[in-house]
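Please find the structures below.
First chain A sits with chain B, and in the next complex the same chain sits with chain C.
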Partner chain A sequence: MLKILLSRLGQCLLMAWSVGTLTFILTRLLPGDMAYKIATGRYGDDAVSTAAANAVNAELGLDRPAFQQYLVWLGDLITGDLGTSLVTGAPVVHELKNQMSFTLVLAFWAILAAALIAFPVGLLCGAKAETVPDKASLITSTFIRSQPVFCLGLLLIFIFSMELNWFPVAGFGSAEYAVLPVLTLALSLAAVSNRVVRNSTRQAVNSAYFHFARTKGLSYAQAFTRHVIPNVIVPGLAFMGIQLIGLIEGVIMVESLFAWPGIGHGLSHAVFARDIPMLQGTALVMGMLFVAINTLVDISQHYLDPRTRLEN
Partner chain B sequence: MSVFHRLTMQQRAGMVILLCLAVFAFCAPLAGTDPDTQDLRHAFAAPGAEHLLGTDHFGRDMLARLSGGMRISFALAIICVFSAAVSGVACGLAAAWYRRWLDTGLNFLANTILALPGLVLILVFAAIVPGSFLMIYIAISLVLWVEFFRLVRAITLPVVQGEELESSALHGFGKWYLFKRHIWPAIAPDVYSLSAFGAATSVIAMSSTGFVYVGLKPPTPELGLMIVELFPYYYKAPWLLLEPIAALFLMVFAFQLLAGKQP
Partner chain C sequence: MTAPRQIIFLFLLSSFILACTPAPKDTTLHISGPFEPVNLDPASAGYMYTRMQIIETLVDVDNDGNLIPGLATSWKSNADLTRWTFHLRPGVTFHDGTLMDAESVRKSLAVALGKPAPFPVDIVTNIEIVDPLTVSFTLKSPYRPFPSLLSNYTTAILSPASFGKFNRMKALIGTGPYEITDFIPPHNIKAKRFEKYRNGPATIESVDYVTGHRSETRALMVRTGQADIVFNLDPPATEMLKQDPDVNVHTRFIPRTTLVKLNSGNEKLSDVRVRQALSLAIDRQAIAEGILHVKGAEANQLFGPSMGTWHDASLPPLATNIEKAKTLLNEAGWKLRDDGIRYRDGKPLSLSMITYANRPELITIATAIQAQWREAGVELAVHMENASAIPSGHSDGTLETALLARNFANIPDPLGILLADFTSVEGGEWGPMNWSNDRVFSIVNQLASGKPDDNYYVLQKELISTLNEDMPLIPVAFYVQQSATSSRVRNFSFDPYERSFRIDQMRFQSK
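What follows is the complex of A and B.
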């Protein structure tokens, strides 16, 4: 258990270091003067002047040697200071806290909805493999998997907002604004995991221990709950954990599409505005979310599957 | 034709769709229509004899733009997968074969890249030089490289330590022969299917950067960018928006079919 946490902590530190170093190196590798480029990004191509560039220089300390700037950035990072946003002027940490709460709401409901779709569908299709519902779920899953998540979101917008007028197209407010973003993420996650659940269900139903349970007199329902479901939940959850990496990528696209004010939206805005401190901050938080999710998966695995405990 | 016969029905279907798309993408320019020429008087023309797929909000020919967008996606997918596969296989082999500091160093690099979700890394790269094809290419290749590297390293390790390779080596066969005879057959199927998945990933990744407006810049006919540009005109001309979506869907779908195995 401690080993899991320590290795994840190491991953987290490595991630923070690599985000900082990567953005630092890349921004300085470019030809041309950094201050002019930031000034262009901020004020537009026509409004760049030497005065604007000098102001940027002084503000960001770009005139100091690169190595010194790098150390300053790392030092600030350790003390939890991520600088201020170049666009809004507010501290990055403050902005991130705001965005984070929105993203966590979205991610939580999406995971829950994905599990509520994937497990029942997978169990049903696995128990009745090669029937009409199974094939329908295969075709639907393939269809959903074969498109970027933003296309799926657009499709849901067309159907539920523009044609049926059930839900608002985008924005944030009452609960109904959350339905389509959550559904988009949940469907894209469930599209793969329901097939994994289906395959392990099928394996369990065809196994010797299931047949034995039936032979010794358990009803189908009893044998299914006792012998199939536990053997499906462990690999199913493990796979959903692996998939959550896709959730983070999905969050970026879905938040941008639905104008949901979370971290992913913040990241794409920071990229668009070339707001480097904000970019570093959002990338850092997405990375941390990624590590945190992996840690949760490891821990739940540890408690759900007795075999992993024996190995340690 | 032996390669074609070994493929499953799924993979053949994927190959056929890809061939059709490639013919469309690379033969449409022969008609000579420029994807950037505007003709505002004929904006939102419905599909017809003059413009087979209609025109967009600037009166640009959608057929030319779609084929242009697909050419960019194909080109990107091919060069990304090629660079990632060649360097990933080479590094994976080297790490498994020579071990020691090379293995440690390459693993550290892979873990550093893996510490961030792929799309975040690609967006960070795209942020540094906006609208640069080169940056998107480097970022996607890096993300794909990790997968090739880890896969090849994991499969090669037991082969290198195995008895078959050892006895071949004791017979005096050279490194190239050992690779060709023992290692390549073990990694080839996975490298093929990872390449097809990688192509799908790079098509999705580029359209995603275009969609959040940080990828290639207008007027480049990039599929993700086209989708976001045409979105406001959904009520006026829904077919316009559906065309790039369908193109994107077909490309990703075909690459995934070609990959064969479920992920």
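What follows is the complex of A and C.
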């Protein structure tokens, strides 16, 4: 257990340095004059001018050598200072805290809802493989997964906002605003994971140990609960951990469509405005989130799967 | 899952959905637009706070672009236009309860003029307090449109308590009919009415602005009643909303013109015949009707119909004439070859055009122009960029052509823009480039020093027609602003100068 945590901590530190460095290099490689892009982010399209760009340049010292700016960033990072946004002038930590609070709500409920959809559907389809529900689930999953998250979101808006008028189209402020973005992400995640759960279930139902359990006298329900579910939860959870990359990708589109003030939206704006401290901070936090969730998955595997404890 | 468990699961799911059904309509006015206020600083996001009516400026602007009293009741200059005296409105209260006086105006403007603004901030050399309700500005050179600069959002008057250490923004304390209560940059501004507003409190109690990043989202928000007013809709969204009986669509010309900026110093564009040919090859009517879905949006001059005497309503449309364009290009030495492109001295007539993504129609218009110029034998490569590529390309000289939507309302008196852009070969970053016309330069200088008499209007007309002949910029379309309101909103009116949402004039329909 301690070994898992220590190795994850090492990964986290290495990730922080490499993600920040890569972001720094890549942003500098983007075409166009940085001072002009930052001035556009700050003062808007109509007010961007060479005078504004020069003022930005003088204020931020952008003409200092890149290496010097990099070393300053690295020094600040070691002391835990992520700097201030070049566009808004607010501390990056403050902005990230704000954005993360929104994205975490979205991510948490999306993962939970995805699990609540994927596990029951997958278990049912696995137990009743090659039947009508199984085939229907395959077609639905393929349909949902082949849509860009954006289209799926629009489709849900048309059904639940326009036709049924149950939920607001976009915005934030209370629980009802979160339902459609959460559902969009959850459906997109569950579309793949329910198939993984279904295949694991099918494998377990056809296994020798399941037949043995039945032979020794357990009912189907008892054998399913004791021998199939534990064998399905482990790979299912591990897969959902990997899927988080997809979640981060989906968050950028979903937040823009539903006007949700999270980190995905912040990231896309930071790219357009060349807001390097915001970009580095966002990439860092997303990377750490990724490591943290994978650590949680590892820990849960450790407790759910007796084999890992035996190995250790 | 067994049947009873399935039932429990479905029950829980449906109760969750029902619990989340939106609350009934409230007394807050919900607005959505694409504008993203990044911080509290009027230099960055002041355009949003004047629209929300939280902050106000010394000078205001009416629907026709005339300057009218704002926080100042009157102003006058000395004979040589270098010293301007403003008399402040008495009894104006800031949202923190303090009274506006000459010192608070001096402080606000001293801070504002130290930051970038869409006009030359270094024009003011001194701000002097004459008496508690009179302020005087000394300029480094004569400048007739000076009062119009003080209508720009960057020059809003704030309470001294708004500024913290090093004059950084600590809070946004203005004088408007609404005061800010909550701010989540760049997504949300909440405001409530200011009870001690000098003209009495507004009817609508509170306002909630949410940034709706996409035109589709905003259109759906007003359609479902989630938003009461949405701004900046694109043509497809507008067409959809026109079918809805519960939504009113408002279409209005604003002082913004979509135009092609040309680098007249470029060897391919320095010949006026080439510039005229490029203008003749553009089918403006097709762009107005096919892309913008607005009849009559085709531009025949630089300034649009909402710009008072700067627009000459007697001018005929700029007709499309491919044959004449071809003749002019031939005369300029550009001969057609078999590949359909014109060449001179072995070099092709190929140009690059920069445009930007924030105004989605620009890229569509750019590709239409690409096809239309191609018919005349001109090859065009379109580059989608960030808006800053235009001033940046102007300043380093690499820009050939650019398609942009120029805002002529930043300083409501176009004379300010003309003085900045049309009096030197350098031109303006959003205006002409490496272009020189002694007659135009002289007219602009005469207008700047003259008085609005009969000769003034004659000069204005001569200026407009000279610009149309020499084509330093090619006007394409006058800008139309599309907004929509839900049926419960009464007294909505759109400010063509986009200075105010005019919330204080609105009310909800009584049931």
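Here is the rule we use: the second predicted complex is superposed on the first by the 281 of 312 C-alpha atoms of A that agree within 3 Å, B and C clash if a C-alpha of one lies under 4 Å from a C-alpha of the other, contacts with A are read in each partner's own complex, and residues count from 1 in each chain.
Everything that follows uses one rule, which is that a contact is a pair of C-beta atoms (placed from the backbone, for glycine too) under 8 Å apart; a residue touches a chain by one contact, two chains touch by 3 or more.
Only a predicted model underlies this, so the values are computations on that prediction, with no experimental measurement involved.
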{"item": "Contacts of A:Met162 with chain B and chain C, given as first, second, both or neither", "value": "both"}
{"item": "Chain B versus chain C as contact partner of A:Leu22, first or second or both or neither", "value": "first"}
{"item": "Which of chain B and chain C A:Cys151 touches, first, second, both or neither", "value": "first"}
{"item": "A:Phe272 touches, of chain B and chain C: first, second, both or neither?", "value": "both"}
{"item": "Which of chain B and chain C A:Ile248 touches, first, second, both or neither", "value": "first"}
{"item": "Chain B versus chain C as contact partner of A:Phe290, first or second or both or neither", "value": "first"}
{"item": "First (chain B), second (chain C), both or neither touched by A:Arg195", "value": "first"}
{"item": "First, second, both or neither for A:Leu14, with chain B first and chain C second", "value": "first"}
{"item": "Partner chain(s) touched by A:Val48 [first = chain B, second = chain C, both, neither]", "value": "second"}
{"item": "Touching both chain C and chain B, counted on chain A across the two superposed complexes", "value": "154, 162, 256-257, 272"}
{"item": "Partner chain A, residues of chain B touching it in the complex", "value": "111-113, 115-121, 123-130, 204, 207-208, 211-214, 224, 227, 231, 234-235, 238, 241, 245, 248-249, 252-253, 256, 262-263"}
{"item": "Residues of chain C touching chain A in the complex", "value": "1-2, 9, 17, 19-22, 32, 36, 38-39, 41, 43-44, 47, 115-118, 120, 168, 184-188, 210-214, 216-217, 220-221, 223-224, 226, 356, 358-359, 385-389, 391-392, 394-395, 407, 410, 429"}
{"item": "Interface residues, chain A side, partner chain B - complex", "value": "11, 14-15, 18-19, 22-23, 26-27, 30, 142, 145-148, 150-151, 154-155, 158, 162, 192, 195, 245, 248-249, 252-253, 256-257, 267-268, 270-272, 274, 276, 279, 283, 286-287, 290-291"}
{"item": "Footprint of chain C on chain A - complex, ascending", "value": "32-33, 36-37, 39-53, 55, 87-90, 98, 120, 123-124, 154, 157, 161-162, 165-173, 175-176, 179, 221, 256-259, 261, 265, 269, 272"}
